[in-house]
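Quick heads-up: structures coming right below.
Across the two complexes that follow, chain A remains constant while its partner is chain B and subsequently chain C.
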Partner chain A sequence: MNKQTGGGPLAVGYSLLFFAFLFGPLIIMVVTAFNSSSFPRITPWECFTTEWFGVLFGNSRLMGGLLNSVVIGFGVVCIAVPVGLAGALALSELGPRLRATLYTVLITPILVPGVVLGISTIVFWGAVGRGVGAGYDSLFFNGMFLTLAGQVTFVSAYAMLVFMARLQRFDPTLTEAALDLGATPGQAFRKILLPFLAPAIGSAAFLTLLASFENYNTTVFTIMSQSTFTTALASKVRLGTDPSLSALAVIIIGITLIGAMVNEAQTRRKDMLRSGRAAQSRVYGNPVLSVLVHPLSVFFLLIAIVGFLSWQGSQQDAGVCKQQILDGKRARQEELLEAQRERMKAQKAAEEATKPTVSTQPASPSAFGGAFNSLAPKAEPAPAESANPSPFGGAFNNLTPTTDD
Partner chain B sequence: MTTKDIVLDHVSIRFGSFTAVDNAHLTIKGGEFFSFLGPSGCGKTTLLRCVSGFTDPTEGMVTIGGKDMRGVGPNKRPTALIFQNLALFPLMSVADNIAFPLEVRGIGKKERRKKADELLDMIALPGVGEKKVHELSGGQKQRVAIARALAVEPDILLLDEPLSALDLKLRHHMRTELRAIQQRVGLTFIYITHDQGEALTMSDRIAVMNQGVVEQIGDPEAIYNRPKTAFVASFVGESNSFSGKVSSQSGKEVLLETPVGPLRGIAAGGRTYKPGDECYLFVRPEQMTIANGVQPDNSFTAQALKEEFEGNARHLFLNSQGVDLRLSRINLGAKTDDLSGSVITAGFSADQAIVLPHGPLAGT
Partner chain C sequence: MGALQASFTSFTNKHGLGVACFIGLTVFFWVVFLIVLPQLAMVDFSFRYNLPQSQIGGANDVYTLDNYAYFFQGNDGTINTLDIGILVKTLVAALIVTLIDIAICYPIAFILAHSATGVAARLMVIGLIVPFWVNEILRAFAFRVLFGATGLVNGIGMNMGLWDVPIDFIRADVALYSGLVYAYILLMIFPIFNAVEALDRNQIEAARDMGASWWRVHWRVVLPIAKPGIASGATMVFMLTAGALAAPQILGGPSNLWFTQLIYQWFNQSANWQRGSAYAVILLLVCIGFVMMMMRVFKVSIGEIGR
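Then we have the complex of A and B:
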């Protein structure tokens, strides 16, 4: 950094703050996944544990939702990508005025609030279902089908935008050249246009999968009595959260990082090969290193690391540490109780001492006139009875993993 | 070789109210190097697309080898088009590009490969088959595009300003090369260009087009020396034009009253003019001389504005009575005086000047 571009402590400080803002929440989330505290937090640190991953995988509602999400996501990709491609191709062939009109029509589902789309999907297909006299167990009232139908309406528009951007850079004379050289229109499409669009098909598939997977607004209506991963997650969070969600975040971040690293390895390798400097390169010229930095070996290496860590994690047992923490808490509670008893005793003694002289005074010196006397010491839960060290005093007991639905 | 003749039979092409090609009627002989020459927007590319099958004629028809081409798609015609931007497939290797026409015809991989290598030898680029298109230079791409077009052995090769993207040296080189390829393979070449140099050097015959109309068809010499319309005279090569009224005609020689005074010229194509007809008199800059002592048929005084040196010639820009003129002198190596700023007497002989009826001029 130099002066012109704004080096110095201010810029460094700003950069640090910026990155803290970006990655702070993620880092905290990851750390909380390994704290045995039943509420996601870093302090006080209790025990290092991997049990939250187990809790996550043991949650049948989330796992069922995950399966539904995968099925729906796959279906949405299979429908939305061809539909988006067809829309983009149609737009590229039209005259300017008709194109503007059709573009507005096709893009509207993105602009309409998801809630509206969700409700209207149910209403529409319900009407169709009743129209053909289908019962409530038919397709028209099936949450999976409705979600697929509802999501496709706007996810296709995303795919279309991706294809339009790519098609803008397509030289239509290439298709003409193919036709002129004797190709049928089908051959020209398959051999010239499709290979050109291949990267866009990849990114459209990825984008539509993500859009389907993370959609809540529309899905929460159309899924009816079933649930997807997102809706299951949302309803779980609404009732209170535990670190198994942090465990989920760790998994997602892990997948993203692996994907990014493999992609980076792929890009670098491609650039190097294209530039023709691969042979001179220190890394790519060396036969061993060259194999090592191949995207596939990078992928398998990372998978191996993750596998090893998971196995290590599954062997880990935080029982002893947790018992210690529990004992410590119990001792502390005992201590507090003892102190309370002492105070009570002293109070009683003082009371006894003052009673004969001030008989009209209430028995307690409390500002509340002893109205809460009955609540004071005895209400303190006996430590032996409380197995739960939760800071919420067991208010969320019904949410703890084992009893979770 | 009448079987491969291309006949444009009263072809008109309209887009809405716009007429791109107006009643083109001509025959291109098999094995000929035929050029369409005209400024951009004159309809020459539309005509080419019509021959290759991308555009249907609104009126008239195209026949190739006596066969009516109406309803025959571009992939079914015996033509191959070389696009202005060449339209090489960027995702394929050079060999795959050349073999593409064979691939879509279902010819096996081995045979395709063999044919591609043959063609690469023919265009003098052996061994580049594995390269990607973007690794080639402009001239190499050019030759690959030709090889690809020749892969299916078409009867007619259509070229849409294929040299316009190349630099001057390469362009001159490719002119010779194209002509050589054409003579080697003996195909009909239909060549589209706005560059008269290209048209004149390569073509057997040239059709000059303006605003959708074919103005003149003829061999390069006829086009340059004996233009039939004011447009052709002004578009092909440099020309000085004098606008004026005919005062009299005796035989071929016409006397014209112009702003610079009375001028004599030859009536083009044996026309006869009546006194009072609005005419142009055209004379090439290299036919103009500075009259010192010798009195040519036509002479007038002019103000020399500036002089330009272009290597092989010096161009003197003159103005006489509001008419801008140009006089070119071949550079013979001897030092010549810079005449800019002085008043000179310019002239030309009557049989070097052509008188043509009024009509649109190029670039106006």
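Then we have the complex of A and C:
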């Protein structure tokens, strides 16, 4: 932390609070995946279980949606990355006025509500389909095709932003030099500009895949009667929740963390190799350690840990603990039932007891009196306490302290 | 047209004819078939009657203002307070969410740009990005777990004796607001970060040396630099919040609709696509109008968005 520009305890404290807000909900959701309670919650904790993962994989609608999502995601990457690249290249060459107009047009799909994009897509392609006289089973009314069209519209803009950021750092004199040295324009493009853009192609592909996979607002309209992973997930969340969704979150967060760690190992290694200090470094200079921190070995190590944990998890059986919880619940229910029965009895007795009081017979209020008194000998013969509405109140309280529930 | 031809020639000279054709055709396809025509088709559709399949294109298929009239007047000619109220409520809620996001993201963006160094800064960036690789639906679900009647917040509050009966955070929209604020944090932080990063640290130090308080340094030195970033982030957050569908569906109270849910109902429950399109057009126009107005007020241009 740099003190001169506002570092200090306040900044640290605020950052910690902020990241607690960012990670807290996710951590809690992850923990609920292992609670056997059928509603996702932490309190009260019942049993540690891994059965929700089984429930998750048994959900055929989600798994079918997953397949659709993968197909759509692949298609979107294949189309949106070249389209985004074309957009970025076009913007880099246009004059300032044309450029501003085109930029505004191309950036609007990001800002327009996804709902609007989805609606306009199905309406437009539906009109085209009717125009060419195609039936409802044709391409123009197919959920997969419409989703592809709707998602490419705005996902391409994300890809374009990635390419624009990279192009800003491109030195155009490189292309000019290649042309001067006798390369054809096409060669210059393939040998100079494309290799320069290669890293951006990778990150654009990743970003577009993620955006396509996650998208809900547009997809829920364009997918028609089919479902993708995200729309299936949303309808499940809306209809009723169980911790199998938390189990899904565990899997996704796990994949994310592995990806982040491998990526971090990769960047560090690259930085170190580029700086040329790798040989002096304590970690990278050591032959064993340098193999260990190679991104690939980090990846396999993490995979091995995950594999071991899931094997352990699959062996785990929460049956005994769940039976205990069930027994506990049953016992509690019995107890409550019993208590209620007694209370009703007492009420009846009290009603009977009031009659004799009216007819001034205080000595022996009812036949029950003696029996209960023998259980709780300290209690006075009932009608002595006029304050208590039920003459046997004290006696019952001793027996079942939880009658109030 | 001349400008277009000139740039096409420059493309051909620089990258070759094949590349120039690829760029031209692709951008043309994107702009015309994916962006402009679908929007026009939607607007056209919103002016039509909801006819059965056999009558489409027939004599009865004429233009009408019916769908828009319904939004303002309802069926009986009185003012449609329900739908208008939902639109206003959505806009106000989106504005509140945007303001909260600005308030909590500005300090983090500043800390990230100027206070954090080395490992701390890298960890912060990773920590910011990782939660947003998790599906939007699952993030909303996490807030439902947190704020449900038997959720953690109620559990802790009741155990500590702060309240006795579970508070219905879902009905009170607390869960919805937190979920929406959470969902778009990243879109607010990175534009502000990009803007603030350009600030020369010496300027802050100079202002401090001259005796300015922290409050004054931020107001007079940092904020003017951060303004385009804040405007760009606020535009994105506002548009996405007003157009959000998943979070209101999952976290919204049962009696409390979001305008997008209204559109969704016209499409999926009432099967009245025309009226749904009209509502979508209304949402689009109102959102764009609102953002334009705000940009005019704060004197920023749309070209600065998304940088």
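Here is the rule we use: the second predicted complex is superposed on the first by the 338 of 405 C-alpha atoms of A that agree within 3 Å, B and C clash if a C-alpha of one lies under 4 Å from a C-alpha of the other, contacts with A are read in each partner's own complex, and residues count from 1 in each chain.
To be clear about the criterion, contacts are C-beta pairs under 8 Å (C-beta built on N, C-alpha and C of every residue); 3 or more make two chains touch, one makes a residue touch a chain.
Computed from a predicted model, the values in this text were never measured in an experiment.
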So, after the overlay on chain A, do chain B and chain C clash or fit? They fit
- Touching A:L174 in the superposition: chain B (first), chain C (second), both, neither? first
Between chain B and chain C, whom does A:A20 touch in the aligned arrangement: first, second, both, or neither? neither
With both complexes overlaid on chain A, does A:L67 touch chain B (first), chain C (second), both or neither?
neither
Going by the contact rule set out at the top, does A:P195 touch chain B (first), chain C (second), both, or neither? first
Please indicate which partner A:I305 is in contact with in the superposed arrangement: first for chain B, second for chain C, both, or neither. neither
Max touched-residue count on chain A (chain B vs chain C) belongs to chain C
Touched partner set for A:A234, first chain B, second chain C, both or neither: second
Quiz item: First (chain B), second (chain C), both or neither: which does A:A331 touch?
Solution: neither
- request: For A:M344, decide between first (touching chain B), second (touching chain C), both and neither.
  value: neither
Message = Looking at A:T184 after the superposition, I want to know if it touches chain B, chain C, both of them or none. Which is it: first, second, both, neither?
response = both
For chain B against chain C after superposition, the smallest C-alpha distance in Å amounts to 8
Overlap of the chain B and chain C interfaces on chain A comprises residues 179, 184, 187
Given the complex, residues on chain B that touch chain A span 52-54, 73-75, 79-81, 83, 85, 87, 89, 91, 100-101, 103-105, 148-149, 151-152
In the complex, the residues of chain C that touch chain A are 3-4, 6-7, 10-19, 22-24, 26-27, 29-31, 34-39, 41-42, 45, 56-57, 104, 107-108, 110-111, 114-117, 120, 122, 124, 126-131, 133-146, 148, 150-152, 155-156, 159, 182, 185, 201, 204-205, 208, 214, 235-236, 239-240, 242-246, 249-250, 260, 263-264, 267, 273, 276-277, 280-281, 283-284, 287, 291, 302-303, 305-306
Residue positions on chain A within touch of chain C in the complex are 1-2, 4-8, 11, 14-15, 18-19, 21-26, 28-29, 32, 39-43, 82-83, 86-87, 89-90, 93-95, 97-98, 100, 102-117, 119-121, 123-125, 127, 130, 149, 152-153, 156, 161, 175, 179, 184-189, 193, 210, 213-214, 216-217, 220-221, 230, 233-234, 237-238, 241, 245-246, 248-249, 252-253, 256-257, 259-260, 264
The residues of chain A that touch chain B in their complex are 171, 173-174, 176-184, 187, 191-192, 195-196
